[in-house]
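Chain nomenclature is as follows: A, B and C, assigned in order of appearance, with residue numbering initiated at 1 for each chain independently.
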Amino acid sequence: MITLASDFGSPYPAAMKGVILQHSDARLVDVSHDLPRQDVRAAAFWLREVLPHFPPAVHLVVVDPGVGTDRNALAIRAGEHVFVAPDNGVALPAARRLAADIDVFELAVENPASATFHGRDVFAPWAATIHDAGADTLAALDGVTPTDDYAIERFPDPVLEADSAEGEVLVVDDFGNVITNIPGRILDSVDMVRVGDLRVPVGHTFAAVGIGAKVVTVGSHENVELAVNRGRGDEAFSLEPGDRVRLSW
Amino acid sequence: MITLASDFGSPYPAAMKGVILQHSDARLVDVSHDLPRQDVRAAAFWLREVLPHFPPAVHLVVVDPGVGTDRNALAIRAGEHVFVAPDNGVALPAARRLAADIDVFELAVENPASATFHGRDVFAPWAATIHDAGADTLAALDGVTPTDDYAIERFPDPVLEADSAEGEVLVVDDFGNVITNIPGRILDSVDMVRVGDLRVPVGHTFAAVGIGAKVVTVGSHENVELAVNRGRGDEAFSLEPGDRVRLSW
Amino acid sequence: MITLASDFGSPYPAAMKGVILQHSDARLVDVSHDLPRQDVRAAAFWLREVLPHFPPAVHLVVVDPGVGTDRNALAIRAGEHVFVAPDNGVALPAARRLAADIDVFELAVENPASATFHGRDVFAPWAATIHDAGADTLAALDGVTPTDDYAIERFPDPVLEADSAEGEVLVVDDFGNVITNIPGRILDSVDMVRVGDLRVPVGHTFAAVGIGAKVVTVGSHENVELAVNRGRGDEAFSLEPGDRVRLSW
């Protein structure tokens, strides 16, 4: 199985699928091609939330603002999973969630046909090759070299106090839910929280409040999420990725 | 075969796919993850138009504004098809189009990991389980209980007269075509219709009128549709879902 | 293998998948359902860039502003590939890129259930039939007639001079990169180019310039592309499909 994730939108991902299918009979599963565009950190967050739910697979991940520069191409092995991705940290959080120990390899890049579409010309062929060889034999493939020099993507740490927390908006999902880096456990025994100057109920579900009302909840990612029941939290709270968020109670 | 439909956008559906593939080798087919967001009735309309074209399958349907509340999880059997969906009526019209008699079952929900992502934690595992067991043995599975107490989703009835019809906009498609609840047969022998104050030709095809001109047609769903040849009907007629529409001739 | 491409958005493509799967066990691969809407020429460009990367397949292509009129339905054979598409030229450039010689066939259209959804009622069943029969036996199928009377889609020719080029914007991709019809080779030894009144560096990659800066590059399609490093070229250059572009150096 090869999963595909990118920030390419449409129709570039189809060229990657075509190239893979020229080489391999692997099952292909689209993860998303609408990852936050050119935003390595936000993409890394989503991949960490989504990819660990898959069975062992080769995960092709292309969010690559440095395409065509001398940044490396990597294969990252985490248990029986292998991530094929640019060396910008985008796949690291997902890999680390899957396995405490990971092995990182540099992949040879030889005269790709384009300087701006390594998804098609570099990463897709490598994903097919690694899939067909198997994760076990990855280290023995021509052009694969172990490395411990690679980019790391870190999510910002929130500041947690006894009666407050300060953090940042990591992403906004397609419902408009505002996902922060503040761990949900801080709200375990809190019923009402101040978000900036607003007093907002803490709810277990969106429907804990009336339709159109604001609610602070803990998302499936276990972080604090600012939402509106059947509405958009980003608009109601006027927040977007990168914005600071202060909670107090 | 398991089909997947939701209003999740991206990338949440991938977590559902991963969970299913942990359990099952089923073929997965994406139906749509851009169903009208949080809009059970509009989603039910689209699913009724699309899912009956599939061969027998398990249809995972998650449009679920009540996620985390005590609404039930259901399996609905219609012939050899099984719908796995929240108990809010979203899958009923599709099921009833497939079979006059349907069997409805309540699915046990045991401590899902999240209160806000039952698509991943409740419905996806059930879809995999039911797929692998087969529609025939559904009633014998642990945690499956027949029920006849479930939510129904009804589309509003239009008012039909000899020379007029009054109805409602059900959905607007991605071309901007305005799809109403008025049955197309009322226009069988009508060449020109008044939409509010506008006189608009009735056409068999979009191209029956000039480029940019308004046309009233009968869509593939057999309802009256307000369109513009190579343009957007919703903008030209200033209509959106839920709006009233009056036709006369 | 059957690939699917359309300008349908969501959820209409699922009805095509369902119909195909009623008839065939073919592997289905989504190419794009967000091709430029009702824009045959722009869709033809994307399909030419993407579909030739696939192994031999039946390519179902539905961008069809003339749906329901008397335009023909075609099967176009290019080597071991077959395109099933309306007769408006949308699949021709992709077919011609795959093979110098192509065979074109008219497909019988018999009382489709709808006048506005031939993707579901005409093209999808034909794609399944042709897939299961095989490209080799296409000519022998009932309802398949050779033809040499079919629509051609031509991209506009740029005007190339020793120190300037004038062309047109063909498409804007989802990153906002502005893709022209001007061949990239004209910039082989040019470091700085004038786009209208702006002086812009020519870069091998987007990252050849600072974040937020304009760059002229050669895309994976080998045409000149106007871009912004980690930004949107269409906004920075105020250009959209169909606009004229003049380069000089």
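Heads up, the rule we're going with is that contacts are C-beta pairs under 8 Å (C-beta built on N, C-alpha and C of every residue); 3 or more make two chains touch, one makes a residue touch a chain.
What you see is a predicted model; the values in this text were computed from it and never measured.
Enquirer: If I superpose subunit B onto subunit C using their CA atoms, what angle of rotation comes out, to the nearest 5 degrees?
Expert: Rotating subunit B by 120 degrees superposes it on subunit C.
Enquirer: Could you check if the interface between copies subunit A and subunit B is built from the same residues on both sides, meaning over half shared, or from different ones?
Expert: Different residues, largely: of all residue numbers at this interface, under half are found in both copies.
Enquirer: Starting from the mean Cα coordinates of subunit A and subunit B, work out the distance between those two points in Å.
Expert: 30
Enquirer: Where in subunit A do residues touch two or more other chains at once?
Expert: In subunit A, the residues touching two or more other chains are 30.
Enquirer: Report the residues of subunit C in contact with subunit A in the complex, numbered from low to high.
Expert: Per the stated touch rule, the residues are 1, 3, 5, 29-35, 46, 49-55, 173-175, 204-207, 217-220, 225, 229-230.
Enquirer: Which residues of subunit B touch subunit A in their complex?
Expert: Contact set of subunit B toward subunit A: 8-12, 14-15, 17-19, 21-22, 28, 30, 37-38, 65-69, 113-117, 120-121.
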